[in-house]
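Below is one structure. I have some questions about it.
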Amino acid sequence: MNTPPIGTGAVNALIDLALAEDIGPGDITTDHLIAPGVAGRGYVTAKEPLVIAGLEVARVVFQRLDGGIRFEPFFADGDKISGGDRVLAVTGPLGALLTAERTALNFLQRLSGIATCVRGYVEALGSRPVRLVDTRKTAPGWRVLEKYAVRVGGAHNHRFGLYDGVLIKDNHIAAIGGISRAVGKIRSSVSHLVRIEVEVADLEQVKEALAMKVDVIMLDNMALEQIREAVALIDGQALVEVSGGVTLEALGRLADTGVDLISVGALTHAARSVDLSMQIMPV
Amino acid sequence: MNTPPIGTGAVNALIDLALAEDIGPGDITTDHLIAPGVAGRGYVTAKEPLVIAGLEVARVVFQRLDGGIRFEPFFADGDKISGGDRVLAVTGPLGALLTAERTALNFLQRLSGIATCVRGYVEALGSRPVRLVDTRKTAPGWRVLEKYAVRVGGAHNHRFGLYDGVLIKDNHIAAIGGISRAVGKIRSSVSHLVRIEVEVADLEQVKEALAMKVDVIMLDNMALEQIREAVALIDGQALVEVSGGVTLEALGRLADTGVDLISVGALTHAARSVDLSMQIMPV
Amino acid sequence: MNTPPIGTGAVNALIDLALAEDIGPGDITTDHLIAPGVAGRGYVTAKEPLVIAGLEVARVVFQRLDGGIRFEPFFADGDKISGGDRVLAVTGPLGALLTAERTALNFLQRLSGIATCVRGYVEALGSRPVRLVDTRKTAPGWRVLEKYAVRVGGAHNHRFGLYDGVLIKDNHIAAIGGISRAVGKIRSSVSHLVRIEVEVADLEQVKEALAMKVDVIMLDNMALEQIREAVALIDGQALVEVSGGVTLEALGRLADTGVDLISVGALTHAARSVDLSMQIMPV
Amino acid sequence: MNTPPIGTGAVNALIDLALAEDIGPGDITTDHLIAPGVAGRGYVTAKEPLVIAGLEVARVVFQRLDGGIRFEPFFADGDKISGGDRVLAVTGPLGALLTAERTALNFLQRLSGIATCVRGYVEALGSRPVRLVDTRKTAPGWRVLEKYAVRVGGAHNHRFGLYDGVLIKDNHIAAIGGISRAVGKIRSSVSHLVRIEVEVADLEQVKEALAMKVDVIMLDNMALEQIREAVALIDGQALVEVSGGVTLEALGRLADTGVDLISVGALTHAARSVDLSMQIMPV
Amino acid sequence: MNTPPIGTGAVNALIDLALAEDIGPGDITTDHLIAPGVAGRGYVTAKEPLVIAGLEVARVVFQRLDGGIRFEPFFADGDKISGGDRVLAVTGPLGALLTAERTALNFLQRLSGIATCVRGYVEALGSRPVRLVDTRKTAPGWRVLEKYAVRVGGAHNHRFGLYDGVLIKDNHIAAIGGISRAVGKIRSSVSHLVRIEVEVADLEQVKEALAMKVDVIMLDNMALEQIREAVALIDGQALVEVSGGVTLEALGRLADTGVDLISVGALTHAARSVDLSMQIMPV
Amino acid sequence: MNTPPIGTGAVNALIDLALAEDIGPGDITTDHLIAPGVAGRGYVTAKEPLVIAGLEVARVVFQRLDGGIRFEPFFADGDKISGGDRVLAVTGPLGALLTAERTALNFLQRLSGIATCVRGYVEALGSRPVRLVDTRKTAPGWRVLEKYAVRVGGAHNHRFGLYDGVLIKDNHIAAIGGISRAVGKIRSSVSHLVRIEVEVADLEQVKEALAMKVDVIMLDNMALEQIREAVALIDGQALVEVSGGVTLEALGRLADTGVDLISVGALTHAARSVDLSMQIMPV
């Protein structure tokens, strides 16, 4: 599992923001208590079962405080960890460890929370031949990291932004005056390396999309029966995605309709952080 | 309710990051479909009951896309909104509205999610004379905004970072060798405008903290009975904060022990986004 | 033709860099000669026939110097302009016009140079049913703008970066050990909204790519005869792109082989700036 | 030949922009194909004769992806390289090499293109006692790098921006009402370490500039005969620069008029990128 | 004495600005004179008695130019240094040492100037039980560094900004309509970890502040006699700060009134830089 | 008097830093006391005689907080202002005025402090035909603004940085092995628009510099008699600058030696801030 670009670009900028917002002009508790030369060691421990994600981000956070901090993960991103297990160790200047602690934990807790949530959905799907995908409902500034946590959890990514895939939604269709016109217009101009997906609300629109030979059809908030009809109608001529208010319980039934993709905004926008704690001591 | 600084500093930087990560080199769907001169109007609608927060951020997001977009909120931050209510209207270039939609909604959904979650805790407390406060367990990069949403929800802020309050935690005490030594050392050097809070694990530590005349004592993960004893022991000589795994059900019982502050990490790290949608059409 | 995002993100950053590198601590000629209150007007004139591109960028450059500058274009991006024609007028503080002149012209000259070069290729192709596309051989920092100029010129964009399309090149195939393995691995994990293109060097590789049902096959530096054979072999099962050392003279012959796309790095990396000048005077 | 400041300031910012625009949220081809631990080696090869420039920039680009990449140049900036020669080797993580390839090549191709173009002009001048200089007609954001490539090619730099030399142009003279007034005003206030150059259009202006004892006189778009008269008139009292539409063929004749400097915008704005390729393989 | 965060956040940004403003597109003297491979050594020498401050900043400045520069301080921040003493040595590329010299010295001279000025005030106070504190009258952009130099000099910091302490000033009181209303309003909402200080102009206001149980009372520009009355009135119920035009001569008399804190804007806004020089030579 | 570029580049970045360091996550006093809708007016008053500088910077600071603030200066930069005079008025949201106050004043106080200090030197020189110039001993990050304040005060600028003038100093001469070698080397390569200045320590070096026809000779820390000899020796063949420990008293005597330029580091590094205050009230 390759990590996303962390040391450059948007993730790098988010890490800078995160450290600046927590440290500001200085950690007045640590700076006044801990002398510069004192060495320390810290352990991050899982307080509940979880799927770990974000170890490389945590490493960068600690080493941004002090380039000499040694970072030893005992697991890899994607591993399941039991409550009570030690996740990683850090060794270096005691003051730097104490100052970096909360920011590093906040990244790990949120990303592992998403990976853990995603894993639950993935296991609920079992071996069914369907792809679980995320959405663009991510915390602003966190897109690259949250989509990485989704992959760590075992699901797939939908497009990353407005630039790496065409998704013609209800608002576009209303504005342009129909699916046919929208698809025709965009196919003549958009890059040949991105596919065209269209959001449809009923079977009439499914037919219109099929007639335009779109690559993917998104069935938006349809009832189970309607989804089955749509799948039959499409019959392999396009990929079929279902979207809208998908719950963990409904997942199996949805998958069994024969759709190709199920997108779930809750993977990112409703995942709660998992509980990790850190013990730090002088050595 | 004053909004935090949005157009400068850290929030401004987060908005830039958010727009760049979603738009990147361009919104290929909208740019190819909607001609530059077409005007549009959009409405944001609540899909469930919620406490709205982040209207000013949404305004800045839309107007960053096009300075001429008119933004009309129908409510103010902190208002309770019923499912189905229209929250705000935007009017301006149709393409800009479509491109800004997801980023604006993502900010609103997350901040309103926190405010709604907080409001639930606040109402559970009722008129009890206790302060509900947040923690530093926020999404990295979002500290200022999430703490604002906590205030919108009706709770209070704990310190914003490592710089605006002294909090001597277990790791500090272990490193420096005891509460007395830690408090003595820091009192002689830290600014006279910040208070000193100490995290304690048992009644012995409570006594040690009292002897050092600290301003605030944080009872960490204590049982209800132990909290009552601590409150009796402290007897108004310091503010008393309880912390650690506070649930909505336990809130009333905790408050009735006579503590001054209850801090709840879940206000920010476990709040799920609320559901808001947007309809956009040409005008 | 929609302009790319100029006021935010990467283009905004490039404009900041551009103004800073030219003005630095101040325009010592203009600042010492022109008093603050003097108003001026300037005209940009084409010194040769050209296709104009970048008017919005020029507008932002001038108004970054002074928000009150009035910018009046006499043409729109994509228009053919004769040598001697006036392209635009600016009115505002004389000092600001003089200071912004060179940066605004440098943007216009380079982008119009690309658009003009592209238009030449497009006209050489005439009505042949083939798409002329650009490459990633752009001036670092200029990707979004140069790809916009390509569209203004009348050609299409290939992918914008490493993130919005899969292109498995010779180096990848060598590293992973064959086309089949590469395509299989990537299809199972990459987003369903991006297509998979494979670069091939001979007909054996064309067959391997076809067997893997890739979306696009890039014939790299093949001879005309070999291209014809490849097109016959592929026979509509995938889009066919030719690439590598395409000259303006060879364009027609290449198009007549029946390929779908012809990519030309020279559209961006070999275009020379066109000649524009500016006259500025007090009013 | 000292390289310009690369790791700080404007060049550093351009490198960040360049990597971000190409990689964005991730190199989806490489990330999905190449496992993190695989090592690789790559060679950059010249596909045509060229003067190499930008090796240090390429080194920084590769090492920004991974600090452990070893960069071994086989030549130094300014060396002439034959088509087919290997220019440099890089060794390190295979994925990082593949991801950095295009950005590194794009910098090298453009800078070497300028250096190669400049070298052609320099050789055309031979041993004539005249200075070939560049202009401010550079790609916005690239000023420092392009002017470095001009030095690598063997020519000299004119001023870097509006801040390190006074150049009173036709627009200034028109605005201020004559050369005498302009020179008098600026001499009394500008730093004693920058020289004053004036652009003139005819012999009358030459005389006026001489009377004001300017340091450099720029003959703008004058005919050969007129230039000879101007040189005779100036007779060593000021440096003489010719400017405007200088072609490679006209260079010798211009130099033989006895002018001190010939400025050529085409050195930067009309140079095409040279052809370099890269082979990368696992090791 | 812990240094403030230097490699991240605001100080890091100031160092970037400082190097960019001095070096710009390049150090034309050094770059043209010193070949890349030449090694050098430099010594910074005190030209007058001083208290040194800012050594870590100087280290970062030199190593930003070249990561391989060895930095050896002969003293620690806070040490008194005699005129003529060598303060530190740097060893590395000669060109980088020459280019970094002025920026490194400018940081050291200003910060040591403040530390030296502060030390004078501290010594004038002797063992009197009063705290000498700074103000927010610092050079914009320098807040964190100047407040660090104040600590190095031996005094204490007042709040760092508008966010880490409440200070209700005359303008606030006038706007809100009295001390009682202001204190009541703010106490109900502000974090429990910051104290409330009120600026008062006469004894009536002292009484009003006392009645509101504020934490700190600032006596603004009061005469000595009035200060004594205020101290008697307050009688330990709040900390007492005096402020406004405090001179070195008045310091002892002020301290002897029994106040707790004396704030002096001149510590930062009137300190002159001390004289340091640097000798650099090839080795 | 033209202001330097404020809204873009380095000064813009410094203003952002300044507001962020003072406001951080929010002005907790003002935000909790002043309701969003309340309007206010403020006046800045001089508390001592001074030369005002930095009005445009103050305007930008206020309007960065709220674009609708009206800024009315009663004087122009460079005007002498008596103690007690009102300098400017601002009208707008009361909260924004209170929050911006200190940052705006800190800019004005420092820049006016420098302008006032410079004016004192300028008046001491009277009508003597000599140029008073500054140095690079400025507060890091403030170069452009401090050099502007020097011009406002009535003196001239030396070079702005290492890039807009050649100054061969003792360290360079020692490294390269003599003035002749250094000047010869640099003249052959540096831009024809910058002059060459050499720092000399004795008359031998003056002769060597004259022989090399340098443009400016800086007499470093020479005694008055030696300066007179040097001026006689140079006799108009180069400009003569004296430098090093120049005091206000010595100024006249130095000027009377016939030198062309006197450079004084104290203009910037020893100027104290002047006293300005602000009254703000609701309207």
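Points to keep in mind about this one:
Every chain is named by a letter (A, B, C, D, E and F) in the order it is written, and numbering of its residues begins at 1.
Keep this in mind: contacts are C-beta pairs under 8 Å (C-beta built on N, C-alpha and C of every residue); 3 or more make two chains touch, one makes a residue touch a chain.
Predicted, not measured: the structure shown is a model, and the values here were computed from it.
Counting steps between touching chains, the shortest path from subunit A to subunit F takes 1.
When the partners of subunit A are compared with those of subunit D, the chains appearing in both lists are B, C, E, F.
Relative to subunit D, the most remote chain by averaged C-alpha coordinates is B. Placing every chain at the mean of its C-alpha atoms, the farthest one from subunit E is found to be C.
Looking at C-D alongside C-E, one finds more C-beta pairs in contact between the chains of C-D. Inter-chain centre distance (subunit D to subunit E, centres taken as mean C-alpha positions): 44 Å.
If you average the Cα atoms of subunit B and of subunit D, the two centres end up 51 Å apart.
In this assembly, the C-alpha centroid of subunit D lies 32 Å from the C-alpha centroid of subunit F.
Across the assembly, subunit F contributes 10, 20-21, 23-26, 32, 34, 143-144, 160-161, 163-167, 189, 191, 194 as residues in contact with two or more other chains. With chains as nodes and touching pairs as edges, the resulting graph is complete, every pair of chains being joined. Taken together, the subunit B residues at the contact with subunit E in this complex read 131, 133, 151, 156-160, 163-167, 189, 191-195, 197, 215-216, 239, 241, 260-261. The residues of subunit B lying in touch with subunit D in their complex are 21, 24-25. Note for the complex: subunit D touches subunit E at residues 2-5, 7-10, 143-144, 147, 160-161. Touching subunit F in their complex are the following residues of subunit E: 10, 13-15, 17-18, 20-30, 32-34, 38, 40, 94, 98-99, 101-103, 105-107, 109-110, 113, 136-144, 160-169, 171-172, 174-176, 182, 185-186, 189-191, 194, 266, 269-270, 272-273, 278-282. Those residues of subunit F whose C-beta lies close enough to touch subunit B in the complex are 16, 19-20, 23-26, 31-32, 34-36, 64-65, 95.
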